[in-house]
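Both of the next two complexes hold chain A, though its partner changes from chain B to chain C.
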Partner chain A sequence: MNERRSSIFDGVLGDNAVLSGLMVISPVIICGNTIKNAEALICAFSAITFLSVLIASFVPKKLPYTVKVIIYALISSIVYLPVKNAAEKFYPDSITRIGIYFPLLAVNSLIILQSEARFFKMKKPRMLASLTFYIIGFDAVMLLTAFIRELLAYGTIRSKMADVNTLISGLGEPFGGFILLGLMCGAYRKIRSIARKEKNTGSDLNVSGK
Partner chain B sequence: MYLVNDIIAFLAANLILSQALGTSTLFIAADSRRKLVGTTCCITLFTTIGSAAAFLINKELPSGYKDLTLIFYVLTVGLLYVGLLTTAYFITPERFEKIRKYIHLSAFNCAVIGTLFTMEQKSADDPSLMTLKEYVKFGFEAGLGFITAALILTAAFRKLNSSKVPSSFRGGPAILIYLGIISMAVYSLK
Partner chain C sequence: MLKKARKERLIWLDIMMTLMALALMSYFYYGIRSAALCGICVAVSLVAEIISLRLMGRHFKADDLTCTSDALIFALMLPACMDYSIAVIASVFAVVVAKNVFGGRKNMIFSPAAAAYVFVLTSWGSKLLMFPEPHSRLGVFEKPDTLTHSASYSFNISGKLDYTDFEVLLGNFSGPAGSVSVLLLVISAVILIFRGDISAGAFLGSIVGTGLFAFIAPVGSSREDSLSYSLVTNMVLFASVYIIADKRIAPKREYFAIFYGLFVAVFAYTLVLTTAKENAIVMVSVLFTPVALGFKNLEKKISLAEQEELVKETEAADETAQEITEEAIVNE
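After this line comes the complex of A and B, so read on.
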């Protein structure tokens, strides 16, 4: 029971798509510099990825890999159309700023590659739960990165002035995104290894206690 | 001097260092020389031929149907994907197993689709770029840019994966920071 739980929640902490798998990192690096951009990307990514993987799960598994990958990409590019229309109504300014990274969400590796390698090997309810947590994992990293970058680069939170004395304007640029994401990946790995060590130590103690 | 200017312009327009397109694929490409050659050649083929197709799509697609661009790009890359696999199978059947993994890796990624969208945006801003020659040139340059970024990363790949780097930062995190520093240098050239 415990193993099953941990593997479903992996997408958030144990095996985060961005921090562990280094997937879908270009929108985080380039567009994740303000919270408003991040919100627009999060909504679009969540809707496109969830619906695309759900629809793609009905594609016959017997088809050749190449054909399946092309069908997955086509499904997500069709799902992208209504999501784009909705996003233009709710986030008109952000969509313009995000530019080419918005359609690129439709060909992200979570849909194209991971769906075949990971999600479609699971049963549907478990797949949907796991997928949801992978999406939440991406959303959390996107939001955290955007919060840090907006605060430290522009001294604002959701475009409202915050009391920050020292600004690091480079954090708003792509190179700042690369460096911050690298540091976050390192910190994430460190925390994960400490947590796993503690878990192992705890289970060892239980065993010896018996 | 012209050459220096050209090199600076080429580096500044690099899709990986300035736009972070195809970074995940770059991590795999820089792993070994064989992977570097295989992946970068495939990506260059996809960006160059894909750009020629993107020119036709952007030219022929009515302005009221611009939202369908992504679907046509995906179809184009899909056809190229099948075409390259078939070509590789018939030209070098004995090497097909080795080559096909690079084609799989290169087909649907941000470096390829991102190149097509970047060129579409550029030609919309500057209509003089709306020619087949400019599209193909841009696609080829994007491929060369990927090769350049892969070579820059390959130079430090082993050190960034060595035991001298703290285990938490070894590999991916160190590579991201390294790319950030290179990207900062390129940014200063703009």
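After this line comes the complex of A and C, so read on.
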């Protein structure tokens, strides 16, 4: 049996929040159809999640789980307010287009569920590093999805015309986002399993070599 | 097992033969371009199937040739002047996303052709629903000067068709390349039902549902026109034969299959009546996959219950037989 040791970089490739855990997928599917939307969501998600988890890590661990979850939600709601104001200044159009999915970022599963299950079990410096990589993992997937969808659905890259002959406008719709994300998840898991198999084979060979 | 596999191949062969007849008719009306479109869809599907099966770690078998019949069904739902690039993308989508992502041939959730059609409808709706006139024989790379709306479009809007019954019967009206040849479709349906290649229950349910509702709530002012034209327009007949009655998707028991066909037809007709959506039956057949899956689950539960009951009855009969034998021995 090969027990894989967790690393602080897991959030980017080894255990990506979106592709592996299928967390925070609704903004990726619904709003991640242009790079500008993605940028607005990335900034808001990164700020809200990082600050909320950081502040929430000071909540006493002895409190009952139900109470702690409510406190986490309250903290992220408070963090959301200044982030929303800032985002409205930088991305006024995108925030309107994103609609309800923007406030929903405040109660994303990385803050509400994963903080308790994963981050708060670590020491603070390791927790912050791991959290940062999880956020980077989400941002990368969001940006990649938005890039592909914008290019293939609208024939543009960050609203600038690109030379694409056949546009698949369905990819800009939520169902297109579902399909693309599903395919990306499948590809990610396949690549990950191949990489882990190779790693295990390599380590087995090393062990037998000794 | 061998018999089942052989049966699957025979079904594919029968369906391919009827589809080839429809493709021939579309060649007669629209020229070599419609044949080229069919060829491209079939070739791309075959390549996509081989590659995706290889990626899934499986080998390509003769039964996997069903992807070609799905491709031909899809190609016949397109206008003859459809861009080749769109046909290629949609064919890959049908094989990879609509079929193999869900587990392949043995785990079909919805018809790959119908799913690809809905995909094209959402992405290139304006190109999908504009058709060349019949007899505008197009070259391989030729585009028609003028495109028209389909006969289904005019029927949905006005409740009338400006074609004679003979023209309607022969499919001499604007619409998808291969799905308007009514006479040929009726013959295909009869052949496929008698050879057990399609679900008779689902086909009848779909036709009866559409016919019944077209008569009760007509599209236009005339009930007779609504009844006859509702069955031949909006790809109702084509979808009933090749999509709704597809044995891989429809429930196995005819009783459930009738209801499945009926539900799809009634919902699709309501959509046509209220929103004048063209070819709603194809979209609805994709949307109603949970209904088909629900019926299949119910079938499994019923078979399981029947088996359990049979086992209990056999055990009871054995016990009775044993008691009688014991009594007979005691009496002796």
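Here, the second predicted complex is superposed on the first by the 204 of 210 C-alpha atoms of A that agree within 3 Å, B and C clash if a C-alpha of one lies under 4 Å from a C-alpha of the other, contacts with A are read in each partner's own complex, and residues count from 1 in each chain.
Just so we're on the same page, contacts are C-beta pairs under 8 Å (C-beta built on N, C-alpha and C of every residue); 3 or more make two chains touch, one makes a residue touch a chain.
Just so we're clear, the structure is a prediction, and the values are computed from it rather than from any experiment.
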*Look at A:165 in the shared chain and tell me whether it touches chain B only, chain C only, both, or neither; answer first, second, both or neither.*
second
_Taking the superposition on A as described, I'd like to know which of chain B and chain C A:183 touches: first, second, both or neither._
both
*asked:* By the touch definition at the top of the document, which applies to A:78: first (chain B), second (chain C), both, or neither?
replied: first
_First, second, both or neither for A:104, with chain B first and chain C second_ = first
*If you count the residues of chain A that each partner touches, which comes out higher, chain B or chain C?*
B
*In the overlay, answer first, second, both or neither for which of chain B and chain C A:124 touches.*
neither
*asked:* With both complexes superposed on chain A, which partner does A:69 reach: first (chain B), second (chain C), both or neither?
replied: first
*Once the complexes are superposed, what residues of chain A are shared between the chain B interface and the chain C interface?*
170, 173, 175-176, 179, 182-183, 186
*Once bound in the complex, which stretches of chain A touch chain C?*
165-171, 173, 175-176, 179, 182-183, 186
*Quick one: in the complex, what on chain C touches chain A?*
83, 85-86, 89, 97, 101, 119, 122-124
*Okay, in this complex, where on chain B does chain A touch?*
17-24, 27, 67-71, 73-75, 77-78, 81-82, 85, 104, 107-110, 113-114, 117-118, 121, 166-169, 172-181, 183-184, 187
*For chain A, which residues count as touching chain B in their complex?*
22-23, 25-26, 29-30, 65-66, 69-70, 73-74, 77-78, 80-81, 84-85, 99-100, 103-104, 106-107, 109, 112, 170, 173-179, 181-183, 185-187, 189-190, 193
